[in-house]
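Structures incoming, each one as structure tokens.
In the two complexes that follow, chain A is the common piece, with chain B as its partner first and chain C second.
What follows is the complex of A and B.
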């Protein structure tokens, strides 16, 4: 333990590494930085004494910014962000893109900074930094579609930041406090604005489309990096500020269910993973909404393992994209023959996300389900169980089956580069280790996960590895697997075809865009019509005035004095008449 | 050059050669029965062992198997007929978006 470093947030070496990477033209030095920065962050994380620690105070314009709050909640999120930053750096070692290197590091550092923020202003700063830095991972694809998706992504996330700041200001005006803690409430205007800001980043239903729009269009490495930080930061923020908020239970339940239907018929496998990500976030949001110690542990443990297995799945699809040039299910198949290691890693990721016993998803998801049942949210429990079978469908079966097995499309490509395999290997090992049970008196790997949760004593009391639990889970998964084989045999399973499915983003990408274009066109016409009318009126008025006042006009004409005398007499008569009749 | 079985394909990865049977037709046709046996086998455990669950309905024999099968079929059917049927569009649907 080095006391001098106690107050330094692990975010700073990663952000600093990113800023340096932006200035360093040498590829090897940049990659060295990308690997070194998370290691330094890890050192700072391990260096902090156990318990709650507050540090990194910065005075700025009368405010005291708290940049390093280390406690049970930020501890687990901080560690997984550091691990993800390292794995991502390893995975992207072959890419020679200075902007992506810098953006990836700054983005990871901003995520860490937000997790360790103790006040709403620090949170806002890092919140916006995640948005601005991460968009370069989408634009890095250098396609027109990616450019547009990046713009939409940036607009939505900047809006989230603005709402966060507005909410923070209102909240501070109401309470006199800028603290980022459980004093937030959806019953106040400020609290509601902040809640919605978190909801946008968390991809709540109807606010979710930025995720499925942007992630599949990101670079090979960019999608992996993106999958780790943004949405899990939002889950952390909800857990920090809104644990036990009941509406989250229903929001989360909807989030687990609806992406399943879209993922079933989606052809782009990275988009399938994006819908799957949305579904997994739902489990965490439900856990936060239930808000008990067991449920918060469930959400935290789920976020931890999810970041690893989701990154593993994105990495395997990234490797396929890198080698084959597409991740369209309709174009893939039989790749296990040429990419066997990638196929194995993908299957491990698929088994983990499906929560097969001996894999990490099994030990994390169970806590959330148990907490939901404990609190008697039975309808939600059934929805989560449905979603569990749905996860198996799209991430457990569809991803590995259509990419690596199914119909051999004859792609004879090389195995993924060594650095990609190493990154996938580390993630795959973690998926197995974190799901490993106690055996022969040796504590299982899942104990390490449970000890990291915000309430480790509650987690370790939870009876994870019971015969009943294993049998129940295997019943669910095997019956769902049988359903897949049955539907395929009966030809009742939809073909993978080249198509897209419109989602709620149609509202702003087509309907609102159409209304805006129509409004623009109508305004143009209206403006032209007004111009015409004004022009005609001006012309007529000018003509009349000309007729009256011009040298040839009526008023310039010589009027006979007799006519003038008659008019004057008439006016005088009228005046006299009015004066006579007046009371 | 590649062939569908991969047996005579020089480009197949050496580590994958021992596993080319994964692509065999007999495996694909028998997988249905293997999975059926496994699923029924695990469901049958409930006949001999009473599971203790937080939700009482889940203690019904074969509950998770039935729920897993039903959920999977529901997900596929809704995805196929509702999502693809109503919301499916040609692949180039978004092409040229915002270019006008």
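What follows is the complex of A and C.
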């Protein structure tokens, strides 16, 4: 272990790499940097001694910024961010876009920096840096829609940062401490502001629209990169500051349940993945809300495996988008014939997210569910169960089914580029490895995951591979599979069974669809109008302001000097009045 | 600091306080006699270098040997005119001296472009008079002398603003408006000084302070206070007396705008501090009441209203001029807190604002020099056609917003801390909102510069055209300073602290 590097947060090589990449015109060098920077960061991560370590102190105008706090919680998040940065770099190897390369690296580095921040000021700095750097990944698509979505994304994330700073200032004034730890609470004003700031980034219900708005409009690689960092950083921040906050359990439960409806009716498969991202975050938020050691372990382990399989799914859809040019469910189908490897990787990702036994999602999700049951939150437990079935419905089956099977639409495209396949392959291997059980006396891969969690001793005591766990999960999955097969059949052969199933069909196709669409449209409009108020001067409010303050307006017009002389006298009168009134 | 103090031979160093005013005054006469513009510029440059060196020497002397009192013509104060240098005005001398030098380097190409060749020498002469006036206001210890130097600088300022008429005739009305209002301000100020003279029988400011403290205050001194605050407030562009400023900055020659924006209002603000804190005392009840009910209030209102006005401007320089009014609001708020922390935060923002606005106006001047653009929408694509100037503009613009890694963040940070110490939550909220508004107007400029495509002529996109190095160098130095002093905040923060302590006595 090299002591000289103990003070260097793994964030710095990645951010530095990003800054260099911004300046280097040769894309080979840039790609080298993008691969090398996460490796250097990984080296710094491994280099730190086990246990709790605080380093990277920077003194600034009387403040001590703590840029490298390495403990049980930041350890696992740091590692997965580094892995994600590497896989993303590999996946994007074929792209020749200087802005995207630099933004992706800086964004990943900022995420790492935020995870290792020990005080609220450094957290704020990296928090804003993630927002500002990531928006370029959305703008990278270079379409009008992406530009506007990016602006909305930026507005809401800068707002989150401002709320974080305001909350931090209030909190520090109350307690005299800038530390970023569990001293935060939702009872105080400062704590509440910070909580909301985290909530925006974490896509709490009603604060979530930026996610489904922006991610599907990002570039092929951009969406993969975006899916890894922002929201998981927010989960980390919640776990750090608000573990055990009761309200989070309910927020998380709602987050798991409501995206299911939207995801089922959505046609754009990357948008489906965005909704399912929201649903997955719900599980982690519930874990944080329960706050026991087992639950925190569950949230951390879930975040770890989730980043990998969600990236895998986004990567497979990215590959489809790259080759076919669309990810609309209605225009895809039959791609397994020419993209078999991508199809297999997608299925592995889908199996993981649906928590099939032997895949990584299973070992993480079970822990959260057990923690919820252990604390007797049975209603929440049932919501989570329902949501698990929903995940299978929209992510586990819908994505691979519509993209690679379903009706053959006659696309005969080539297999994804080799670097994409390599990135997907690594992610798929990890999905399987991390879900592998103990066999023949050899400890399984999931032990590695459990040893990484914040409380490894608790995790290792937890009996994972019991009969009822596996059977219970399989029952749930099979029931959901059956339901899907049933519905697909209804849709495909309406003439035969219409009389029997018209009610259900109508509910499924019309009412649920209509309600979901209406809700979606309303959210969309609300969202767009927020964007308009923020962005345009032509809105009504803006227009009034414009009329008043523009060069022609009453308040900015050139004023005759005589009038100003009167004002001067008026001000003199005011000052005299103040002087006379003084005691 | 010892090294700075011994830059000049002892014989000259003793007379540094007088030389710093006298040299530019004499040079003004020499410049007026020069037959060609560039020669006059040479005279100006030499003068500016001398002044910058003298200001460094004075900094060295004050920080090693304490307050300097220089009796003009050998007449000892309080009868003669006293030049007085302490920790409060030495930062201002440095600011005027060094930013003035950078502006003068920048002047040659810019002035040659904007002023008719036959008027250049006279222009430089008027500028030097203004320069001397500003230095005089800063250094003198005599209340009436402040008025004299204020008028010297103002009258020459009216002239050099009006010389923008070669490019835009509206400079004439802008200058005329400023003349009328500036004269009102100066009149108010001199009335106030007259009242003080009636009440104390002396014109020396240190002497006045002693007598006022011994005799106590009455209606006459209260009236004096009101007249002086309004008079100097007008010169410092205190809201709502700022109306002269947007047009003056928008239509003056670019060099003049860059120089005035980073020095002139700052010097008036200094004079205000000098009177409010040194001559009157912050513990006097009507003074402390005016902090909360006048300075803090107009400061906050300026931060809001002027920022909104800036958001909707179409002319880039007018936009930044309104932003300057808002920034004066920040300084007024710092002053209005009435604490040493607040005053030092205000002074820090004063210095940082000079760095930002100097660079911003220089960059706008560079744009105008190369492409003749003035309106916000004409800035389109300058990121591609003038990358270096656009970079400097961007750095200074971000600093204006208060983005971390720039000095704008440092001074806003100190303002927020000072407001929290005072328990003024509303002031913190106002700072936040005003920063968001600043983000809005700076984003408009930056979006035009970086996001839009350069204009094309017959399908051919405008070519890249770098500004002359004499423009780039001072602009670059100021832009780099915006970042440098974030990482090495101690020199400026130390100066601001020492200045506040000098007048507040460490309260």
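Note that in this section the second predicted complex is superposed on the first by the 491 of 583 C-alpha atoms of A that agree within 3 Å, B and C clash if a C-alpha of one lies under 4 Å from a C-alpha of the other, contacts with A are read in each partner's own complex, and residues count from 1 in each chain.
The criterion applied here is as follows: a contact is a pair of C-beta atoms (placed from the backbone, for glycine too) under 8 Å apart; a residue touches a chain by one contact, two chains touch by 3 or more.
Quick caveat, the model's predicted, so the values are computed rather than measured.
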Determine, under the contact definition given at the top, whether A:250 touches first (chain B), second (chain C), both, or neither.
neither
After lining up the shared chain so the two structures overlap, which partner does A:433 touch, if you call chain B first and chain C second: first, second, both or neither?
neither
After superposition on the shared chain, which partner residues are touched by A:415: those of chain B (first), chain C (second), both, or neither?
first
Based on the superposed arrangement, let me know which partner A:374 touches: chain B (first), chain C (second), both, or neither?
first
Identify the partner contact of A:581: answer first if only chain B is touched, second if only chain C is, both if each is, neither if none is.
second
Once the structures are superposed on A, label A:337 by its partner contacts, choosing first (chain B), second (chain C), both or neither.
first
In the superposed arrangement, does chain B or chain C reach more residues of chain A?
B
Touched partner set for A:5, first chain B, second chain C, both or neither
neither
Which residues of chain A are in contact with chain B in one complex and with chain C in the other?
none
Contacting residues of chain C [partner chain A, same complex]:
173, 177, 180-181, 184-185, 188, 219, 222-223, 225-227, 229-230, 233-234, 240-241, 243-244, 246-247, 285-286, 289-290, 293-294, 305, 308-309, 311-315, 318, 322, 404, 410, 413-414, 416, 420, 428, 432, 436, 439, 489, 493
Per the touch rule above, chain A residues touching chain B in the complex are 145, 148, 260-265, 267, 334, 336-341, 370, 373-374, 378, 381-382, 385-386, 388-390, 392-393, 405, 408, 410, 412, 415, 467-468, 471-487, 489, 492-494, 498-503, 509, 513, 517
Can you check the complex and tell me which residues of chain A touch chain C?
60-61, 125, 128, 158, 162, 166, 169, 173, 537, 545-546, 549-551, 553, 555-556, 558-559, 561, 564-565, 567-568, 571-572, 574-576, 578-583
Residue numbers on chain B that touch chain A, as the complex places them
2, 4, 6, 9, 11-13, 15-16, 19-20, 22-23, 31-32, 35-36, 38-39, 42-43, 45-46, 49, 51-55, 58, 62-69, 71-76, 78-80, 82-84, 87-91, 93-94, 97-98, 100
